[in-house]
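My structure is below; once you've seen it, I'll send some questions.
Going in written order, the chains are labelled A, B and C, and every chain counts its residues from 1.
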Amino acid sequence: MHPSLLLLADSRLPAGGHAHSGGLEPAVTAGTVTDIPSLTAFLRGRLATTGLVTAALAAAACALAVTATEPVEEDRLPGLPRAGGATGTGTPAEAATHRASDPPPSGTTTGTVNRATVTGDGGLAVAWEVLDAEADTRTPSPAQRRAARAQGRSLARVALRTWPSAALDVLARQGAHHPLVLGAATAAAGGGPRDAASIAAYGSVTGGASAGVRLLGLDPLGVNEALGGLAAAIDAVAAEAAGYAGRPWAELPAPSAPVLDLYAEAHAGADLRLFES
Amino acid sequence: MTRSYAPRAAITAACDASGVTRLTRLRSDGPLAVRETPDAVYLVGAAASPLGGDDLALDVEVGAGARLTVRSAASALALPGDGPSRMTVRARVGAGAHLDYAPEPTVAARGCDHRAVTSVELAADATLRWREELVLGRHGEAPGAHTARFDVTLDGRPLLRHALDLTDPSVYTTAPVLGAARAVGSVLLAGPGLTTEPHTAEGLSVLPLTGPAVLVTATAADAATLRRRLTTGAERASRTPAPAC
Amino acid sequence: MGAHFGHGADHHAATPPGGRALRLGIGGPVGSGKTALTAALCRVLRDELALAVVTNDIYTTEDADFLRREAVLSDDRITAVRTGACPHTAIRDDISANLDAVEALEQRHPGLDLVIVESGGDNLTALFSRGLADRQIFVLDVAGGDDVPRKGGLGVAAADLLVINKTDLAPLVGSDLELMASDAARVRDGKPVALTSLREAPGAPEVAAWVRRVVAGSREHAPA
């Protein structure tokens, strides 16, 4: 992996992550995480739900950002494809066009992204807004939406400084969800959708792991061992998430974690807390 | 070999010239039987369905200005059979129309491999109450695999995309997903005047969405507790916030 | 009350870019009086400077609540930031949550002169990042031991102003004020030290005067 991408995945990246526990602090408060085995189980559940959602959003965002940085010529764009035409094997430009125009599953509609919106400057902002709305619809908890936007803002600040890009500019202005900013930052740092998915999936467990060390005084060597044990699962989630990168955004996975949503809201209203989320 | 058994049922409600809702179409097919009663349309499917291999579909259409209530007579039992089973529900709710869809729970029996796919399209000023409940296994039974995907759009824009993946117990029994709960469910309310304040209680979350809608989710040890929590949550969600003093 | 050591020369090169408020960090160990000093500065300066405060609490919103209860500033000028059990990280290694809070205050209140960022109580090595604070005050109290200045530490040595607080307690806890002041002067290479007692001089006049000077100085340096 390119060193720029390692920087982006580093927990020392000054992007505000240290103050978010990914729901671990309320889990500790509720008594459902008390030791390394229960922490590991928590992280496994988080990875398969929130982790998959954020990894898929990050991969989709990365694909869109890559499209935006490439000159898109009309003759390179295929005609607007019909349903089922998206395979994820096309060029980023094709992928974006597919994504933008395919009817979403089950006849639901996504809004108004079409070829023009992906190619035009103002239209690109619309495309980002549509993807951001897809993040909103997969995040029913208001506290989690706030945390995702706060972390998105912080990541946009540091990423714009290090890897400036037009996509990051737009996302910083819009105050977008964290996985979108992560996807755009990955693109700006030279990575692709699979990289963005890996970094997002990895990040979906490291924050909680670090919070576990701080809140429960867990043995950091043991926690690191647990993270190592999750490596294959992290990779599998990233691979699955990246598989959606060329598909319509409406199809992106949306597995929920009902208790995590409850924890997020309970935490936001708690008096005693060390972490923002 | 998967048998191709694909019953298609449909309910269409429309508002007539005098403003009264009429059922203009009521189509039953195989285990998906629909019956009109004075207060609701009932799904009265055979008890043992869906069965592995079934591909059931229900279309619900509520025309502009109409009001429709859908209930079911009993729980649905997802059973193993010849391959995975699937239940697809598609609903469209027109301008000014209201759909209240609240069937009894689905029970994921041992060995089932069931997928529920639901999509709801709401017109701009349509309103909705949509309840889904799932029970993991019959009494004392380990459940089979169950996945559900719920997509709702409002005036063409996505309002909620919410899925539940109960295939891997090492994932869904973890603290963030269900923990030790054996029943999980949600009520989606969409329309004006809903609360904007999130709320939580034991096994219950009331979650205002970005659009004019509130998702109530609950987990519980059993179906009765689940229903009680969802009812409490939905009441809370419907409570108009007190005006600021 | 309290002696002033050093010549007040400013070793800190950074000046805020024109158009934004001076960002002043206030750090120091738990219980040394950071929040009380912040409240005192707000009370004394709020009529002459446009002010806002970011608190970094280690556990609760108690500090922000304290400031609100004391009514030193209106609620919308005080923001509480949570630090994930790492108060030093939030002011030094990863300042993004604090920057977010400061920028949000600046947006909400155009024309702010001064934003005070109060750190959660931490150890003697905690320093504010220059990316967050243009100037910083480190607050010790006499009850923490009169050998603390001699031992130095990054906060004691490098802060733009060292405040030795609760001087009224010195006789009670057996701390030697003159020793503390002279040790501090030595490790601080001439940078100013203020001895304060908020009980005896609730307005912390000397610290307030120093803040007035640095705010005025930052205006002079700012591009027109």
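Everything that follows uses one rule, which is that a residue touches a chain if its C-beta (ideal position, glycine included) is under 8 Å from a C-beta of that chain, and two chains touch if they have at least 3 such contacts.
What you see is a predicted model; the values in this text were computed from it and never measured.
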Report task. Can you give the shortest number of steps from chain A to chain B, where adjacent chains in the path must touch? Result -> 1
Report summary line: Farthest CA centroid from chain C: chain B
Report summary line: Taking the mean of all protein C-alpha atoms as the centre, the chain whose own C-alpha mean lies closest is A
Report task. Could you put a whole-Å number on the gap between the CA centroids of chain A and chain B? Result -> 28
Query raised in the report: Distance from the CA centroid of chain A to that of chain C, rounded to the nearest Å?
Result: 37
Report task. Find the geometric centre of each of chain B and chain C from their Cα atoms only, then give the gap between the two centres in Å, rounded to an integer. Result -> 56
Query raised in the report: Hey, which residues of chain C end up touching chain A in the complex?
Result: 58-61, 81-86, 89-90, 93-97, 99-100
Query raised in the report: Across the complex, what residues on chain A touch chain B?
Result: 23, 27, 30, 32-33, 38, 41-42, 44-46, 48-50, 104-111, 133-134, 136-138, 140-143, 145, 250, 252-263, 265-266, 268-269
Report summary line: The residues of chain A that touch chain C in their complex are 12-21, 150, 153-154, 157-158, 211, 214-215, 271-276
Requested in this report: Provide the residue numbers of chain B that touch chain A in the complex, in ascending order.
Outcome: 88, 90, 117-119, 121, 149, 151-153, 156-165, 168, 170-172, 174-179, 181, 184, 198-200, 203-205, 207-210, 215, 217-219
